[in-house]
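Data block below; observations after.
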Amino acid sequence: MKELFKRTAKPGEAEANATEQAKTEHNGPLPKFTWNQGSGAADAGSPPAKVSESKKPAKLAKIPDNLWTRCPACKELIYTKELENNKKVCQKCNHHFRLKARERINLLVDEGSFEEINSNLISADPLDFVSLTEPPYPQKMAEVRQKTGLNEAVITGFGQLQGLPLGLVVCDFSFQGGSMGGVFGEKLVRLVEEAIRRRCPVLTVSASGGARMHEGLFSLMQMAKTTAAINRLGEAGLPHISLLTDPCTGGVFASYASVADIIMAEPGAFIGFAGPRIIEQITKQKLPTGFNTAEFLLEHGMVDRVIPRKELASTLEILLRLYGVASAQIANQKEASYAR
Amino acid sequence: MKELFKRTAKPGEAEANATEQAKTEHNGPLPKFTWNQGSGAADAGSPPAKVSESKKPAKLAKIPDNLWTRCPACKELIYTKELENNKKVCQKCNHHFRLKARERINLLVDEGSFEEINSNLISADPLDFVSLTEPPYPQKMAEVRQKTGLNEAVITGFGQLQGLPLGLVVCDFSFQGGSMGGVFGEKLVRLVEEAIRRRCPVLTVSASGGARMHEGLFSLMQMAKTTAAINRLGEAGLPHISLLTDPCTGGVFASYASVADIIMAEPGAFIGFAGPRIIEQITKQKLPTGFNTAEFLLEHGMVDRVIPRKELASTLEILLRLYGVASAQIANQKEASYAR
Amino acid sequence: MPGRFNVKKRLGDRANILPKIPKETEVNSVEEILPEASIPAHEPEHDQKHEKEHNSKQKPHSPAWERVLLARHIERPRTLDFIQALCDEFVELHGDRRYGDDAALVGGLARFEGRTVMVLGHQKGRNTKENILRNFGMPRAEGYRKALRLMEHAAKFKLPLLTFIDTPGAYPGKESEERGMSLAIAENLLELCRLPVPVIALVTGEGGSGGALAIGVADRMLMLENSIYSVASPEASATILWRDASQAPAAAEAMKITAPDLHKFGIIDAVIPEPPGGGHTDRPSLMITVREFLLRHLAELEQDYIGRGVEGIRAMLDARYEKYRKIGHWAELSNSKDN
Amino acid sequence: MPGRFNVKKRLGDRANILPKIPKETEVNSVEEILPEASIPAHEPEHDQKHEKEHNSKQKPHSPAWERVLLARHIERPRTLDFIQALCDEFVELHGDRRYGDDAALVGGLARFEGRTVMVLGHQKGRNTKENILRNFGMPRAEGYRKALRLMEHAAKFKLPLLTFIDTPGAYPGKESEERGMSLAIAENLLELCRLPVPVIALVTGEGGSGGALAIGVADRMLMLENSIYSVASPEASATILWRDASQAPAAAEAMKITAPDLHKFGIIDAVIPEPPGGGHTDRPSLMITVREFLLRHLAELEQDYIGRGVEGIRAMLDARYEKYRKIGHWAELSNSKDN
């Protein structure tokens, strides 16, 4: 693929190759945009059918509990071990299963390199929230923590990718829909501030339904708070790389996740400001299949790349090296920033 | 009109008025976009019929030479004196006749205040241009100068508007289609540099077919040269106000005239990157009537206002006062510019 | 007649734009929810029987809901009314210079108490025709990009920025997605975080979610007494939380969306009192109070920061950062696995 | 086989995109002309008889026209070929984050001789399918806005900017007008005038008018020996000047569009020699030469300016200003009415 490369041959060879390969390899078309790519949903007008992979497939057919997984896109049965060896991407149809935050981190960073920070922060109840139907918010959150084994919808920390240091902010959609409340914002900001101290780039991996309702306007304000932190990261000359994964909507997509130097998205991921039902209710129009997918965003110029999961680590590595060199260039030009 | 106002009543009265008038005057719709406004051309697909007002209307009907003028939009006969008293705007259909540079300046600035600079610059022949059909470029230009009484397609100088100083760069379309060559660029840059010395805002009034072909790439480079000057004006904290008039296309529209703090356009003016025939040839599509008019640009978010000629002076006055106050604010904050 | 107003009429005007979410609809995936909202998806414990019981209950009196009705009152002054009443000169500027001009978000150069300022605000209409033109005060992406352009204009000429917030939210339509509403809002947040001029935001009516915040990251955040500011509209909140839009009054109460509540929380710097019965009942006196508040806060910012040059602007931006930095609540578990 | 090439084939490939202007068409209003061009409108002295005489004349041999054919050669290396041959790593970045992604203008982060740089360039195809995808190398407004975004990215991370110019011109279609092509080009010119990083532009093939300049305001302006750079294409120039597109070879000559001519004029800083027969005949040696030139000029800029910090960047921008400031020719009449 011409779009992204890392030279492996020696310079002389590469140039010779360039000539030889000119007719076949060069100027290939952009990644083809297929509406159904990565989702395979047949139901036009409704979002690609996403089934949480944590659900047991027992209801679909009699399958031994964990041995096999049914792909929600192509409906094929996949040997679960095989699926996990393939980074949870269906080998039949390329459907990217959702990853939990820890799975994502483990797949990405050098083994044993991840150092989590602020894992002990848990949500408070700033509104003293009174629900008509639910248990009190603190109790509800205690249940969610119990169920998920997580303390919040985001994990933050530092890791290395092929030895290159990287700050990580990774959402977990299984924790209350990856919603952003006060803890989410605080953890992100602390990570970013620490990354500035360590002079370390930041990767955010977002999967979120938006704001945490139970914290009201405090949640909305996390959009400003997290964006302000990313602004400081940029002022320090450090890059923010944003990876949008399935699903990503609302306040997360409309704040820090979109103010990034590089925005990438996983194939087939549903990414939007609003959901399709809301849009259809408002506009009385049926939405085309594939609306608000990663590929849709690429076509509309909103993301830099749609990146298959298996190419993520190598692409990040190239980017980190490129920004690392740039950072050294800037250090050499100390005080070289020009007031515009 | 709510969009633009200058308080005449005392504050207390105005507030009372505001309440009283709330139901009728407030929140009125945006200026209605009518495809035919200001042009009245019936020929869909071709640009609004513009006839140079310098042409004698004798061919249309037997009319005493200068006493009457036929409006090219509504075809009505107008008493020429009356037309001129109305700033060359048809009172029947609001068609804005093209103005020559000197007419524009005389209509705009305080009487006797205009001080032209660099009027003695004339074009050289950098390409030693060899035409198949025309006399040599220098001779051709001599003829154009003779015919128009102008030395170049642009007049530059300083004037006052209600006593407020203003740098002026005014195109004359009758001089070789208002085309931008080396003299045009040089005169604009000298005016801007002098405006920076005088700390004076700049108004450019553009009417141009684009680059002067006979000066080849030297002409194209005037796009960069003039834009660079406007950039310096901005760095000096001085505003550039751009008025686009009929017609304005090509290199002028795609350079200094579009890098302005405020962009305004005269009603019905044809303004575009390319002309409609080129677009139709390339795309094989018929263009809708009203395409690339001032109103089209407003609708597409490209200009701040479509400004009737009779409102130009008063609007400029408000803007100059607002920027003048802002400039004083900046002076008070000396060294207050923040490195971003 | 001022004072009392016709609720039915108001709802009638809005009926065709508020999302009509059938009560019995199952909300069970993130794709179905409102922007800015998270939902407790896939939680089987909330069944429909449970909800119906709630629906049949008597709804309690809600002071917050009365404020919602006042905030949305059809005769409430709109942004252009405030500009006209508060400013001596105004030139509206149009367009994002990219795609279009959005009548739901207006802005321009104005003179306020002798200063040249940039003003920005959501613009609702006062009747159906106006509301169609103004899209009920719900901007599209190009509206926020016009706002961005005008913010940059303010930065270039060092003009204080005054914003007027009054929107049900950013427009959640098809074209908003196509043209990157989320990115547009996010970029405005970023720009406001670093805008080197004083920024004062005033919620005049409805402060609806990200569409409000996109012009509301400010050094001073003011609210009119009867305005509201919420992460999602009461109706949407009720739907998301309890799958029942008719519980909007309860949601208005639970979500703490009134100016006094938010002031108590420290999110809002000041609450501007309104005449009895609401600001629309005595507009001149409302405007006098608003002018005083805006002037006082602007003068404070000028004195504290702008008079001190580059250093002052740096200090202003640092203070703005800290202001948002400290918003949020959390507790700490003792069994920390890290640090 | 390299060396000679089939002109008919080349023209066949382009025939469906070059404006087909009937020879006898009267060009008599500005609305009919090509972008960037002025015409001697309403001048009755050029009648059609006059022109037909010229058409019947024997066309002279034109070295400039041969360069035009080489510059447009279907096998000429494209921007992505240059990037692949010259850079060790490359990550293409897509989209303007506003409206769309334009395949006719590509860009991204790359490593050039140990440095991280931003690269930008027009991208033509090598067959009909590719050319449709790449719109024959004619960007739309969103292409120039992607370029603007990447320029800002370069400024943020202090990356030198290398641009590769190869376009018949910006796309003059309906959507270009709707989305503000003129403003997009103008804003890029402005950004390049103030971009605080070294900028080197290389014309590799066709430098077509404003669409080329929009990524071509640079500290160093280089041209390949057989590239061209013109205010309007030879065909358009011939139409505008003489109402006869078939006089393109004469226009190519008269307009002085070749690298050696433009170098003599001082508009171009250096001409990069090509292998005999054109760059496509020996791509490896072409790339070695290009690499040497780019490296030499970049190293000079780094040494002269970047090593000196803020002061150096100011000096670089001043030099860039002066470079363009002095382009143009004029004479002075003695009967000055002013000064």
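Annotations for the structure displayed:
To keep things simple, chains are lettered A, B, C and D as they appear, and every chain counts its residues starting from 1.
Going forward, a contact is a pair of C-beta atoms (placed from the backbone, for glycine too) under 8 Å apart; a residue touches a chain by one contact, two chains touch by 3 or more.
Just so you know, these numbers come straight off a predicted model, no measurement behind them.
Using mean Cα coordinates as chain centres, the one most removed from subunit B is A.
Across A-D and A-C, it is A-C that has more C-beta pairs touching. Averaged C-alpha coordinates put the centre of subunit A at 38 Å from the centre of subunit D.
Taking the mean of the C-alpha atoms as each chain's centre, subunit B and subunit D sit 28 Å apart.
With centres defined as mean CA coordinates, subunit D is found 47 Å away from subunit C.
Under the contact definition stated at the top, the residues of subunit B that touch 2 or more other chains are 300-302, 337, 339-340. Touching of two or more other chains is recorded for residues 97-99, 179-180, 183, 187, 194 of subunit D. Considering their complex, residues 2-7, 11, 14-16, 18-19, 22-23, 26-27, 29-30, 234, 237, 239, 261-263, 298-305, 315, 318-319, 321-323, 325-327, 329-330, 333-340 of subunit A touch subunit D. On the subunit B side of its complex with subunit D, the touching residues are 46-47, 50, 52, 115-127, 129-134, 140, 151, 157, 173, 176-183, 185-186, 189, 208-213, 215-225, 227-232, 235, 247, 249-251, 253-259, 270, 272-279, 281-283, 285, 287, 291-292, 296, 300-302. Across the complex, subunit A is touched by residues 75, 77-78, 80-81, 84-85, 87-101, 103, 108-111, 114-116, 123-126, 129-130, 133-134, 142, 146, 153, 155-159, 194, 196, 283-284, 287-288, 306-307, 309-310, 312-314, 317 of subunit D.
Interface residues of subunit D facing subunit C in the complex, by the touch rule stated above, are 97-99, 145, 179-180, 183, 187.
Subunit C makes touch with subunit A in their complex at residues 17, 19-21, 29-42, 46, 50-51, 54, 170-174, 176-183, 185-187, 189-190, 192-194, 209-210, 213, 217, 229-232, 237, 240-242, 247, 250, 253-257, 262, 265, 267, 320-321, 324-325, 327-339.
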